[in-house]
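The data blocks that follow each hold one structure.
Next, two complexes with chain A in common: one pairs it with chain B, the other with chain C.
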Partner chain A sequence: MLSLYQPGQSLLHRLPAGGKLLALSLFGVLIFLTREPLVLAAAALGAVLLLWHLRLPPALLLRQLAVTLLLLAFLVIANGLLVSWNEALIVGLRLLALVAAATAVTYATRPSEIIAALQAALRPLGPGGEKAAFTLGLVLALVLRFIPEVLFRIRELREAMAARGAPAAPLRLIVPLAIRLLRSADEVGLALEARGFPPDLTRPSKERIEVR
Partner chain B sequence: MRIDFQQVCVTRDGRNLLDSLSLSLEERRIGIIGANGSGKTTLARLCNGLVLPDTGRVLVEGLDTRKEVAEVRRRVGMVFQFPEAQIIQPIVLEDVAFGLQLRGFSGKQARAEAEELLRRLDLWELAERTAHSLSGGERQLVALAAVLITKPELILFDEPTNQLDLRHRNRLRARLRALPAQVIVVTHDLELLDDFDRVLLLDEGQLVFDGPPAQAVARYVAACA
Partner chain C sequence: MNARDLVLVPLFAALIVALGVMPPIPLGFLPVPITLQTLGVMLAGSMLGPWRGALAPALVVLLVVLGLPVLSGGRGGLGVLAGPTAGFLLGWIPGAFVTGLIARPILQRNSQGVGGFFGLLLAALIGGVAVVYAFGILWLSLVGGIALSTAALGSLAFLPGDLIKAALSAAATRAVHRVYPLVERP
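On to the complex of A and B.
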């Protein structure tokens, strides 16, 4: 259920997800084909402007990008000290451009649209493509779904341990966390079954559902 | 919709969860009550083939849940006790649409139907929310919407008011009343069953009372005294 997506009406929101992903991939390749700081600065500025045009609350951006920006700063300083400050500038601008562009696309694209675009790309790859694409989409959705649940369960266990006066050592969390997640996965599996998984993609569309 | 239980036994770890149960359910609103571990959830899950009988059989409109489970599940929806388990997709609108995609609708068609349903249920303000940001009550209502979109003939509810505050409980109760589908509700919320057509009281896997809500509740309260 983890998603950076923020609803909106910007131009980037309205572009098709497949096009955005393709453009992002090309952008990622192109900025690694040049070492010209001026070109990279223009690319980074463009990406930051793209992110800016989404008009997201600065506090939200800062909260969600803080770790990435710290990592970026660390890489720039390390490159500056260990290689050269020119190299640090190139690395910094490249990563800034990439992070800003990817963040903008992620904020402006529903996870389901990203999954659907990946499915569409995979569909022609072979026999049973439709089913494989559907399953891949479901797997990606489940991964997104379980990330915040794992974080929630960890917090819950830490609080339970703290309430009982026990230090919340990470090793102590592993077994109860695994048990809770397995139970949860079991329930999700049952719910998927109850909702009609596996999908019936073999029937002609008219027969697939008869709305009652 | 008629559901027939024929000499149904369910055993887990040497314990009888349901013992030689035979009955037919046809009423529009049916409640199931009883103490924890009495077999309520097992009975509900038998209706959509999530639990299969060890002996005997369950027929849903003549369809054997053991042999024709896919068709049974197309006709019987379920709202789980912990609705977060049944919310699969990251965004509410997508999750509601997901049920139709499982039935072969295109993403676009499914989305359009989901939008229409969320507006009709007065849940449109939740459409773009991430599922993990919802309150317990909102999750329950979204889970119900995700079931309603497939237009099931029968909806099973497993302790639907369990985690709800009074406002969401009343909202769900009103929604339950207005549902056109047949419902079977497993609950400890005895007031919820006031205007139901039939209530089953279970105790240790046995059906100990089957009748109108007032009498079933009185019997249950007396047994717990």
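On to the complex of A and C.
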């Protein structure tokens, strides 16, 4: 599965992933603390400029943001009619700033960098954190491996149903799908155990041994 | 947690993703085809139990954070979590947990009778529908500045589809549990 990340050389691309996530979270909190339309307008403008300076193809942005923008327009109109147009302005600017900034971070940050940042944040928490960082990496690798497999199984079952002239009933798809997937979970579980899972994280790993 | 438990969480996370990516199934009597993504959440809760069940949608949320287009319609990224509908996504985690909490004792006793089906249906309705909607509507109301009742009214359009998914979840969980019990007897 391809991520939404778009390669580039912009300033946002070059910042560290952990810093971007922290800054975005802080931005998300701060923006709910103010109700000043001028401050919010400045924040929204800054966020939109941030997104604009990534120079993404407009079609790409539109496909990703169409639903959110429609809902945003609906919320602004609903607020204007039911509460006041001042309130509508506050809500609209606030959501625009948040969504634009968050979308910019997603398009400018490699998923692997976010994973590395999360693991780096977990590791200093002692043996538990070390184990969590390891498990996180393994589980993410597994889910990325399973998505195409599940899609393949779904197509296989649908084709088998179509070949027999059976109508595409959800229940007739879900039950055999779940059973096949649970079987493959057993196989992968055994394969993991055969390769020494759970690992002994108290032993020094290859990466941490320094060769002089 | 043994290796199989560890595998089940990403497996059901992948199921939730795949159910959103695959072409939607037309249900005949509903005008719009529904995506089955929330069905995956209900199945995770009722088949895996509360803890493993909640971890599966949590992993999907993590994939969204990483910027993978794992939600229905190919959406994903931090923009979704910053948007007004993020509550419906984050509500999946407690939703699957509550579904599992209610479904577990039913599966441990006897799920094959008529009572078993209705018990599992109730689990999916409370966890997969009520809890998810509660989070989604509350978030929409807080972030969107609209009244709770307005937010609830706007979410009603998705209710018929979700009721069908709850029934599907109950029937599928019962059928799968008969051949492949994941929730062990105490």
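Everything below uses one rule, namely that the second predicted complex is superposed on the first by the 134 of 212 C-alpha atoms of A that agree within 3 Å, B and C clash if a C-alpha of one lies under 4 Å from a C-alpha of the other, contacts with A are read in each partner's own complex, and residues count from 1 in each chain.
Everything that follows uses one rule, which is that contacts are C-beta pairs under 8 Å (C-beta built on N, C-alpha and C of every residue); 3 or more make two chains touch, one makes a residue touch a chain.
For clarity, every value in this text was computed on a predicted model and none was experimentally measured.
Participant: Under the stated touch criterion, which partner chain does A:193 make contact with: chain B (first), chain C (second), both, or neither?
Facilitator: Once the two structures are laid over each other on A, A:193 reaches both partners.
Participant: Tell me which partner A:116 touches in the superposition: chain B (first), chain C (second), both or neither.
Facilitator: In the superposition, A:116 touches chain B alone.
Participant: Counting only touches as set out at the top, which of chain B and chain C does A:178 meet: first, second, both, neither?
Facilitator: second
Participant: Taking the superposition as given, does A:102 touch the first partner, chain B, the second, chain C, both, or neither?
Facilitator: second
Participant: Contacts for A:81 in the overlay, against chain B (first) and chain C (second): which applies, first, second, both or neither?
Facilitator: In the superposition, A:81 touches no partner, neither chain B nor chain C.
Participant: Count the residues of chain A touched by chain B and by chain C, then name the partner with the higher count.
Facilitator: C
Participant: One more residue to check, A:63. First (chain B), second (chain C), both or neither?
Facilitator: A:63: touches chain C, not chain B.
Participant: Touch test for A:7: chain B only (first), chain C only (second), both, or neither?
Facilitator: A:7 sits against chain B, while chain C stays out of touch.
Participant: Have a look at where A:42 lands relative to chain B and chain C in the superposition and call it first, second, both or neither.
Facilitator: Neither chain B nor chain C is touched by A:42.
Participant: I'd like to check the shared interface: which positions of chain A are touched by both chain B and chain C across the two complexes?
Facilitator: The answer is residues 1-3, 5, 111, 138, 142, 149, 184, 188, 190, 192-193, 197 of chain A.
Participant: Given the complex with chain A, which residues does chain B contribute to the contact?
Facilitator: Listed in rising order, the residues are 48, 50, 70, 73-74, 77-78, 80, 82, 84-91, 94, 97-105, 107, 128, 130-132, 146-147, 150-153.
Participant: Going by the contact rule set out above, which residues of chain C touch chain A in the complex?
Facilitator: Residues 2-11, 13-15, 17-18, 21-22, 25-27, 36, 39, 43, 47, 59, 62-63, 65-70, 73-85, 143-147, 150, 168, 171-172, 175-176, 179-180, 182 of chain C touch chain A in their complex.
Participant: Which part of chain A faces chain B closely enough to touch in the complex?
Facilitator: For chain A paired with chain B, touching residues are 1-3, 5, 7, 110-112, 116, 134, 138, 141-142, 144-145, 148-149, 152, 184, 187-188, 190-197, 199-201, 203, 205, 208-209, 211-212.
Participant: What does chain A use to touch chain C in their complex?
Facilitator: 1-5, 24, 28, 63-65, 67-68, 71-72, 75, 78-79, 82-83, 87-88, 90-91, 95, 98-103, 105-107, 109, 111, 114-115, 135, 138-140, 142-143, 146-147, 149-151, 154, 168, 170-171, 173-175, 177-179, 181-182, 184-186, 188-190, 192-193, 197-198
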